[in-house]
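Below: a set of structures, written as structure tokens.
Here subunit A shows up in two complexes: once beside subunit B, once beside subunit C.
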Partner chain A sequence: MSQNVSNRRRILRAWHDAGNFAIFVVPGVTVFAAVVFAPILWTMWIGLTNERATRPQTLFVGLDNYLTLLGSSTFHAVLVNTVIITLIVVVGTNILGVSIALLLRLETRLYSALRSVFFVPVILSAVVVSVIWRSLLVDDGLLNTTLRSFGIQNPPGWLSDPSIALYSVSGIIVWQMLGFAVVVYLAGLAGIPKEIDEAAEIDGAVGWQRFRYITWPLLAPSFTINTVMLMISAFKVYDQIAVLTNGGPGTGATTTIAFKVVETAFVEQRAGYASAMAGLMLIIIAIASTLVLRALQRREVTY
Partner chain B sequence: MGKIQLRNLTKSFGSVTIIPSIDLDIDDGEFVVFVGPSGCGKSTLLRLIAGLESATSGNILIDGRDVTIEAPARRKLAMVFQSYALYPHMTVAQNIAFPLKMAGENPDDINRKVKDAARVLNLTHHLERRPGQLSGGQRQRVAIGRAIVRQPAAFLFDEPLSNLDAELRSTMRLEISELHQHLKRTMIYVTHDQVEAMTMADRIVVLNAGTIEQVGSPLELYRNPRNLFVAGFIGSPKMNFLKGQAADKRKAATIGVRPEHIGISGTLGEWQGRVGAAEHLGSDTFLHVHTDHGTINVRANGEIDAARGDMVYLTPETDKVHKFDGEGKAFG
Partner chain C sequence: MHRRSWLRPFVSLFLTAIFFLPLYVAVVNVFKSSEEVVRAPLALPLRPTLDNVIGVLTRPDGLFWHGLGNSVLLTGSSIVITTVLAAMTAHYLVRSEALWGRILIMIMLTGLMIPPAVIMVPLTRVLRAIGLMSTLPGAILVNVGYYLPFAVLVFMGFVRSIPKELEEAAALDGASKFTTFWQIVFPLMRPASASVLIFLGVWIWNDFLTPLLILGPGTGNTITVGIYRSIGTYQRDFGSVFALMFLATLPVLTFYLLFQKHFIRGLTGGATKG
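On to the complex of A and B.
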């Protein structure tokens, strides 16, 4: 009798679990598979073909596209641009982010208002931000007009000089991502127990020493999040490049991998080659972020 | 090298005054315990001495030197926190060495002092571990180690044993007392646990609403409380307070009798009552007796077999009855 009851309960529980799975898990997994996983697989597949809008027949070419990419000086230049932007964004945003977070923590009355101000660029569209900055930085824009009014006859071509444009674009991305980094560092600072700060104060750690030996090591989780997020965002930057410089000036002074992927796919209409480039970008981001994540997580401690 | 003097010391947060005005002298080498209920200002007072809070007015003198506006590190004090406040990313050795490193001592001296402190605190085998790998008691020992290497003028303890379980608490209590005997340094210890206060202190400072109610040795406070607050706060179980006829008879507004100073009989006594609850602890029996004067708690020996509902007679020991006037001050 009790054996039958127990079996019935087990069956009912199994149905209940299956029902929960169907209701809560299946829709999410289906959407994820349809809009994320399937396109990635499809792109990877196209990357193994010679698909081109003007070519009547598409053939499987194996790793040919990847091998061509690895030997291409254009791709090397694009990769170098992307790495430079990524380094500037990761280093610059982290340094400014932690500095501003520390200042905001000191100025408690302005804390809430300024925190919102710094976060505004994050919620703005990258295109909107780029249009605003473009109007400021073009040769006859507000910045250069102002510089000329101060007697500087030949102000820099912020977006038109090939030796400067890449850094200008990087600076704008730093500006846009800064709010995110500040908020993450503020959360990290709020998570450091007050007593630890006080103990450090009593132990004689003040100013830079306190930051170096106590605050910065304890901000390790915030640094990890910021670094990985910034690295991924900067590595796949497209919108700002498209609006600010369109990959120029000159021959690709600011062209990044993502920009080159779009250009190859939709201007040159070489879908196979572009897909291989996108696949390579995905592989580089995945490997780099995994390595960085592992290295940085080793610094993190639990209280 | 550890005489601390507080002169007219006050502390307010905005319009809220936490410490109206305090004067206190703590002698070199003394173990002083600040005790009082939650929110009485005992931790604030300790933090004022440490320099973690700035005084609203008044002065703090350490060995005659006015340190009221000096930074915490320059006061030559060490503090042990309730939450240990260890640096989680550093090893035990690095934690203990940290104040010495900040003081710019040379690495050989630091190494020697860390090893000495570790030996005194039985931490020698844990020097390369991180705080997260230690038990609560070991963590607190590391915090104490970090304090002793600095050879401070005085140690400040802010409820250091509150996060430990009962058994570890009593062990650490003894260890801190032994450390005091060994180091012979001034120690100021904040607690709400009167067992800690009674067993460790040379002198207890009883605080209430930011003011000092009484300062004295543990037995002085137990035997001669200055007022109703101290009488009720010091001693466990708490002193019984009776008003009305029982107090009138002794020409007092209120009388106080400690549970251990009441005799119990089944036939004869001053106050008659019925046992509401009997707690047999083996060594002692706690009885809650409902009388015409209110509920009276009695601490009897462990052999007594009174049970709930029994009629009993209680008689206070005459010379142990504390008398208080209408304002709550002790007299007589």
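On to the complex of A and C.
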């Protein structure tokens, strides 16, 4: 009799738990699975086929797409572009970010106002930022018109010269992400205990020395966050390319992996090849961010 | 040291001014005639005009108003649904402590760094299969799923700081888990909700690739995609382009200013050592 009651109670509780699970977890996880998780696996699968719009029959081709990609000079160029952008963004934004944070860290109204100026581009969409810069940098844009009025006959083609465009694009991305890095470094600076600064002062550590041996090592957690975040966002850059150069000038001088994936998938309609490229992109991001995160966290000091 | 006390404010002001220059150009030229824009892009508007703003607001194709309506609907619905679903998921997973819960969390966290470009091909097929391709509900669904991991992560950190005893007391009083969540836990998580709302609000408003591919061409797209389209139609009419961007940015800027402190706090949460 009593066993019967406890059994019934257990079944009731299991029903209850299942009900809660269905209410709390199932809706969110189902949507996530449908629009993110399943598509990741599906991308990997399509990447192993030769599917394209003009081909009537899709076949499983194994790693053929991946092998073609690794041997393709076009893809090499795309990969190099993406790596250059990522390096410039990670290095440039970190250096400028920590410098601006050190310069503007004072707690007066002036510096607090100046800090918010640096944060404005972070709130703006990449499309807005790119259209602003495009208006400035196109050949008959506002910058070159101004330069010509100062008597400079042949101002550079900031976005039309294949040897310059990639650096212009990288610079614009640095400009937009700088505010983010500054805020993270400011938080890091605010977290450094006062006693450490005072001790350094008493020991006579000043200027570069003090930064190199005291401040910078203590900013390691901020450096880690900035580097990983900047790396991941720069590696997948699409919007800026679409607005500023549309992948050009010439044959893909500024084409990034993300841009190439979308172009191959939705313009050339080669789903198989594009998906293999997406798969490769995913693998590179996963490996690179894991390695960088590990390496950077190891150098974070404890105090 | 003291002799050079003017140096730091001077350098700070100078560098900030250079950094600000593109934004200054974008704002000041909204209020100038087209020929004035090209003649003196850096000058303040001598004879300020609202022609560009009025021109954008009264475009015959309604690009601004359609885009604004779509952006408000898409952003508003996406952030509210994501916040509610993420808060419930995070609360359940943190409290259950089951193994499968931890596995689920790990899977979701891998979703944090997936570039949208990677999943676009199958995503368009999923949406076609359920008949939601090129519709606002379809785009909302994509946003909810895509931003859920980030929101769950924020809420999980917060749930851990809420004493379990509160919920146990409510359970003893006979409240169901659902009631407890809505009446006790969710109100306590207001700071986390604010962080999630502001981050997702800014991100989704500014999204480009996802609405471009999911909502497709035509006037049924967001204001951010509308700006991209307008660079073709406006060509060298910089004043009008700047006016459109100015108007398109005002709502998100206002929203940001209202919730500012949650944004900065959320951003810097992991940057300091506890």
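By definition in this document, the second predicted complex is superposed on the first by the 268 of 303 C-alpha atoms of A that agree within 3 Å, B and C clash if a C-alpha of one lies under 4 Å from a C-alpha of the other, contacts with A are read in each partner's own complex, and residues count from 1 in each chain.
Simple rule for what comes next: contacts are C-beta pairs under 8 Å (C-beta built on N, C-alpha and C of every residue); 3 or more make two chains touch, one makes a residue touch a chain.
Bear in mind that the values here come from a model prediction, so they are computed numbers and not experimental data.
Partners subunit B and subunit C, once the complexes are superposed on subunit A, both fit on it without clashing. The partner that reaches more residues of subunit A, of the two candidates subunit B and subunit C, is C. When the two complexes are overlaid on their common chain A, residue A:Trp15 makes contact with neither subunit B nor subunit C. With both structures placed on the common chain, the touch criterion links A:Ile214 to subunit B but leaves subunit C unconnected. When the shared chain is aligned, subunit C comes close enough to touch A:Phe266, but subunit B does not. Of the two partner chains placed by the overlay, neither subunit B nor subunit C lies in contact with A:Phe60.
Angle at subunit A between subunit B and subunit C, computed from CA centres in the superposed arrangement: 90 degrees, to the nearest 10. Legend: residue contacts after superposition of the two complexes on their common chain; A:Tyr111 is shown touching subunit C, with no touch to subunit B.
Of the two partner chains, subunit C is the only one touched by A:Leu103; subunit B is not. Residue contacts after overlaying the shared chain place A:Ala199 against subunit B, while subunit C stays out of touching range.
With chain A fitted onto itself, subunit B and subunit C come no nearer than 10 Å, counting C-alpha atoms only.
Residues common to the contacts of subunit A with subunit B and with subunit C across the two structures: none. Across the complex, subunit A meets subunit C through its residues 20-21, 23-25, 27-29, 31-40, 42-43, 46, 100, 103-104, 106, 110-111, 114, 117-118, 120-121, 123-128, 131-136, 140, 142, 145-146, 175, 178, 180, 183-188, 190-191, 221-222, 225, 232, 235-236, 238-239, 242-243, 257-259, 261-262, 265-266, 271, 274-275, 278-279, 281-282, 285-286, 289. Contact residues of subunit C toward subunit A in the complex are 8-9, 11-13, 15-16, 19-20, 22-23, 25-26, 37-38, 41-42, 85-86, 88-89, 91-93, 104, 107-108, 111, 113-123, 125-126, 141-142, 144-146, 148-149, 152, 177-178, 181, 202, 205-209, 213, 224-225, 227-228, 231, 236, 238, 241-242, 245, 248-249, 252-253, 256, 264, 267-268, 270-273. For subunit A in complex with subunit B, the residues that touch the partner chain are 193, 195-196, 198-206, 209, 213-214, 217-218, 220, 299, 301-303. Interface residues of subunit B facing subunit A in the complex, by the touch rule stated above, are 50-52, 71-73, 77-79, 81-83, 85-89, 98-99, 102-103, 130, 132, 146, 150.
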